[in-house]
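Comments concern the structure below.
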Amino acid sequence: MRPSGRTFNELRPVSIETGVNRYAEGSCLIKCGNTHVLCTASWDESVPPWMRGRGEGWVTAEYSMLPRATHTRGRRDTKNGPSGRTQEIQRLIGRSLRAVVDFKTLGERQIMIDCDVIQADGGTRCASITGGFVALREAVRWALKDGVIKNDPLTGSVAAISCGLYGGGPVADLDYDEDSNAQADANFVMTGDGGLVEVQATAEGDPFSEEQFQALFTLAKKGCQELTAKQNEV
Amino acid sequence: MRPSGRTFNELRPVSIETGVNRYAEGSCLIKCGNTHVLCTASWDESVPPWMRGRGEGWVTAEYSMLPRATHTRGRRDTKNGPSGRTQEIQRLIGRSLRAVVDFKTLGERQIMIDCDVIQADGGTRCASITGGFVALREAVRWALKDGVIKNDPLTGSVAAISCGLYGGGPVADLDYDEDSNAQADANFVMTGDGGLVEVQATAEGDPFSEEQFQALFTLAKKGCQELTAKQNEV
Amino acid sequence: MRPSGRTFNELRPVSIETGVNRYAEGSCLIKCGNTHVLCTASWDESVPPWMRGRGEGWVTAEYSMLPRATHTRGRRDTKNGPSGRTQEIQRLIGRSLRAVVDFKTLGERQIMIDCDVIQADGGTRCASITGGFVALREAVRWALKDGVIKNDPLTGSVAAISCGLYGGGPVADLDYDEDSNAQADANFVMTGDGGLVEVQATAEGDPFSEEQFQALFTLAKKGCQELTAKQNEV
Amino acid sequence: MRPSGRTFNELRPVSIETGVNRYAEGSCLIKCGNTHVLCTASWDESVPPWMRGRGEGWVTAEYSMLPRATHTRGRRDTKNGPSGRTQEIQRLIGRSLRAVVDFKTLGERQIMIDCDVIQADGGTRCASITGGFVALREAVRWALKDGVIKNDPLTGSVAAISCGLYGGGPVADLDYDEDSNAQADANFVMTGDGGLVEVQATAEGDPFSEEQFQALFTLAKKGCQELTAKQNEV
Amino acid sequence: MRPSGRTFNELRPVSIETGVNRYAEGSCLIKCGNTHVLCTASWDESVPPWMRGRGEGWVTAEYSMLPRATHTRGRRDTKNGPSGRTQEIQRLIGRSLRAVVDFKTLGERQIMIDCDVIQADGGTRCASITGGFVALREAVRWALKDGVIKNDPLTGSVAAISCGLYGGGPVADLDYDEDSNAQADANFVMTGDGGLVEVQATAEGDPFSEEQFQALFTLAKKGCQELTAKQNEV
Amino acid sequence: MRPSGRTFNELRPVSIETGVNRYAEGSCLIKCGNTHVLCTASWDESVPPWMRGRGEGWVTAEYSMLPRATHTRGRRDTKNGPSGRTQEIQRLIGRSLRAVVDFKTLGERQIMIDCDVIQADGGTRCASITGGFVALREAVRWALKDGVIKNDPLTGSVAAISCGLYGGGPVADLDYDEDSNAQADANFVMTGDGGLVEVQATAEGDPFSEEQFQALFTLAKKGCQELTAKQNEV
């Protein structure tokens, strides 16, 4: 029995609202249950120095949590830069989004995705990827409409879900209560047509078996399909 | 003529929504036109080390701007801690709120106010003070209701407004367009009963006259009264 | 009754000695009672990167306190850069001095003012502004004499004074004993011909009234006139 | 055809030499082809502050690469602490080793594993886990022999291997040439009895298919068995 | 021929003025020609954490140069703490002063020596040691007089001089012009009775011979005697 | 009697193995008893910005100790950059090596020497200089052989030894046991033909006499000759 009363493969209610920032070229507020992430896409007509002159673009991401996004107030990531956990997450978001972008078509420009967690109840990195893609797509649509670029650099869509072993069995879309008591925690990033972008599974205590891993995999495929459908509704 | 079409003493539309964060003891989202600030108050049953054993409490504040709160994306305040401007603002917010708190009545506990600017169109520090007070009051109400404290430590209310010399004359509640072209910029922090907490007036180019300063002062008094009324409606 | 025996509107003895550094283009040692600040002006024939190509100059300031300038030894501002308080002060000094400089006349060059507090007894930021202006003027005189520039970029003089509510009434030029017990503390930066450059008034405990503020203002005008006279004697 | 001439499922020659540091409680030098990692285990009779009083121990890891471990010299991880990549790797090593330790049996003490890459030719994080376990086991043997602890806290062994899609097909134990041209890169951390500790698979360009992922998984199981055998030979 | 017209073994005029800081327990302004260093000694009735409970005291030093102490303005040592050169110098000053202090007699208290270079013309580290000792002795005298300690912890005096190879021959007390063109540069720290505390000789270009080194040594002995005499005049 | 049983002027066994890193242009592992240092020389066809356009090259060094190189585990030099001690040592290594390089002959290129202490038993900075020179010479030989440069920029060889006062008398090549109980500690850096590059002698407690210093000097000359012979055997 899950704390939220959900069935083992049931996602939390998802809503995605676009156009929530008047300055950003693309933006959305994604809510996965009580996890709320504000995603903005900022268009930059230049690339980082190490990429100049190649005729190719770049997509990168930053992730941050407001201090009171959680039950107890956390410290801001200042002094000494973002924490190891934060850096790990923003590298994951960036890699995931880049998997569906053709950089030659984008041309020498960069799109920066900012994912700021307003309220956290588990699954913030997955919500950031799912919402970050929507913000990215909004920015691309803006650029196509305004004639900034001529061809769509997106080669597909991308979404992410966390699954885990909780109470002895596999469950989809862990919330905080489940996440903090899971025997294993896995994040799957998949494209809209079922391609794999990233698989990360971690034993929290004892190792898990191959069978258990495959059960999580099965849940993830179904979950990512549902999230892709939500993205396409927008 | 003001860019927004407002009269010289007209504030932007203000809305204050409370209860916007499920974990914080107090919270509100304040919108002053296109300036949106999320304020949370976090209750902490301990005080900083340098205050222990005095039987008195403390209120402090942090301020931050999301990177895409502005027209062009800014950098996050990481590496080397918050910038000088950020520190100056959060010190101002903290001082302003402490002016209406009796620390003996509060007892040895700290309330931390976080002001995160979601969207910026001028006047973010003033909106943070006005909204921060509402979040603080919500937290105090929660504590009184839950029996955490017995007596109300608040001795009044506090609100803030920016006024400036724009196009040769004094105007109230500057937006970004005005702020970036003002000859002088002043912030006034006042209590609900007209007491002065902080006055900061700065010439942006040429010095200004005593008469001009007094005109700004007059605007500020009227503006703070309106903001106090909005706070009391909540 | 003031601890120093001064009357309510009496400044501490002020002395300004110029030419105290053999390398700096301008320099002075200003003493306001026991507050001693060494001010140097360094001429730089280039401007910061963000200002290049505009044909305009810049004036900026740094402020620091020697560790044993105070009753108890303080830490040096190292690791993580200058403290929030230090940054706030040096931003104020820079703004104040820039108010009396015509940057087109100065041309693309920068003057850096360093204010190092040798001994502190209250009012260090005001002494830094008053002395910093003298160092700046010395540097300008050197440049005019040496033919580095042809026209004087200074449009006036600038001086600063702190006033406050102490023992129930307004007093001018607070020393440390007064400053640490003041109900309100205000800094006024004014030009030699009475223009206002900066007004900063802060309640230290309870809010103060408009009347009290105006009394401080009156004291400040008289005090700045006296300081301007001292500057002109040099 | 692999650049090294290996068959698709052939590991590089592995050697593990223990006792290479005269001070460390456990140590080994692991060589996986041209990847050489020096692993030391340092026994500490205290735990971090946040763990005190629970009667449980801890294992943590640090990872670093000598600047000239690679083809071109890299910078040392100084100023602002270890890079995001370094932190991500040392978190992985720590988690992997903790999966085979019973912290109640260990008692309130910490074992710190240092993995310093002397020479890098791909697969350094996997070699660090495989070698780190050997250093950990040496330290445990020392502690048992010296009577520092009475019971063995190790619940099994752990080893790690990288596999990837190279030249269209799956290959085991990527070297640098393969790693920098792989379509996908996966790290598997497994216990000696086949339990899963961590699975990380990443698309480097286009997404990969479920079939491809399963092929990498199959290679990893065989590879980890071979590495476990090597560990047991020591 | 030396740029200053001095003979090869002639020191610059030295003056030492004590009591220059009204708060410090000991202080002096030492001038060696155009090199001016403000030295303060701050008495602290506690020792660093790592020394507590041993019944012994400590003496340590910090060194800093005002930005415009030199021909061209330098940056302040902020962000990332003091530079390597600064740390090297302050470690030298601390070691030198500790050589003449009996820490058991001092008891568990620390004396902090701050050496702030107001104007630099070569030899700042040596002037800091020579002046730092005077400030230290002033603080000890204060403590003896006030009854803070009963017995004098000083076991002697210490002074320092730089010598070097300039224009082919050995010269004493290098000024900046000489220092920046010397073939070798040596600092000698000696006690008042001729004991050696520190010898540091460095080839700036080609190596130097043993004979040349011994010539510098001879100059240093004479120079330190003269500086000791100056210290004793105070 | 020395703890190791050596006679007063006997060095520890020295071995120098070259070619220990497959990527570095020059490398060696130097062992002085239980002190082991890995030295690599990295060839860089550019010089630091401040040296460009002069037609001259540069040699610089970095020094680091693996955390478990010592009896108890030390912290890595991260956060805030290398420690003062580390910076002091790497500046010494760089200066020492530059004393035997003709920078005009080298041309505008830089050689970076990395000295990483694998195991420490006293004398690590001296071993780094002696081994660093061998790595540098290997890199120069590689460059001459490959035709990268035409003429040998080395003007000699350089080696270093520590001597000290232990148990009342002078001893050569201190190990850790001696170093931590020495009354004085001295490092001598000398060229193969007897020139002096650096002399650093420090009293650890009481000052030492001129006679004692000269005895250390005599030991150092003999020791450096032996080390030079070892370098030439390679």
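When the chains are written out, they are named A, B, C, D, E and F in that same order, and each has its own residue count from 1.
Just so it is clear, a contact is a pair of C-beta atoms (placed from the backbone, for glycine too) under 8 Å apart; a residue touches a chain by one contact, two chains touch by 3 or more.
Protein names from UniProt, one per chain: A, B, C, D, E, F = Ribonuclease PH.
Quick caveat: nothing in here was measured; it's all calculated off a predicted structure.
Participant: Identify the chains adjacent to both subunit C and subunit D in the sense defined at the top.
Facilitator: Of all the chains present, none is in contact with both subunit C and subunit D.
Participant: Where subunit B and subunit C touch, do the two copies share over half of their residue numbers, giving same, or under half, giving different?
Facilitator: same
Participant: Starting from the Cα centroid of subunit D, hunt down the chain whose centroid lies farthest away.
Facilitator: C
Participant: So what's the Cα centroid distance for subunit B and subunit E, whole Å?
Facilitator: The computed centroid separation for subunit B versus subunit E comes out at 51 Å.
Participant: Centre to centre, by mean C-alpha position, how many angstrom separate subunit E and subunit F?
Facilitator: Taking the average C-alpha coordinate of subunit E and of subunit F, the gap between them is 28 Å.
Participant: Would you pick out the residues of subunit D that each touch at least 2 other chains?
Facilitator: Residues 79-82 of subunit D each touch two or more of the other chains.
Participant: What is the order of the chains around the ring when you begin with subunit B and head toward subunit C?
Facilitator: Around the ring, beginning at subunit B and stepping to subunit C, we get B, C, E, F, D, A.
Participant: Residue numbers of subunit D touching subunit F in their complex, please.
Facilitator: 21-24, 27, 34, 38, 40, 42, 44, 62, 64, 66-73, 76-82, 112, 114, 116, 118-119
Participant: Sort out for me which residues of subunit D touch subunit A in the complex.
Facilitator: 80-82, 84-85, 87-88, 91, 95, 99, 156, 186, 190-191, 194-203, 205-210, 212-213, 217
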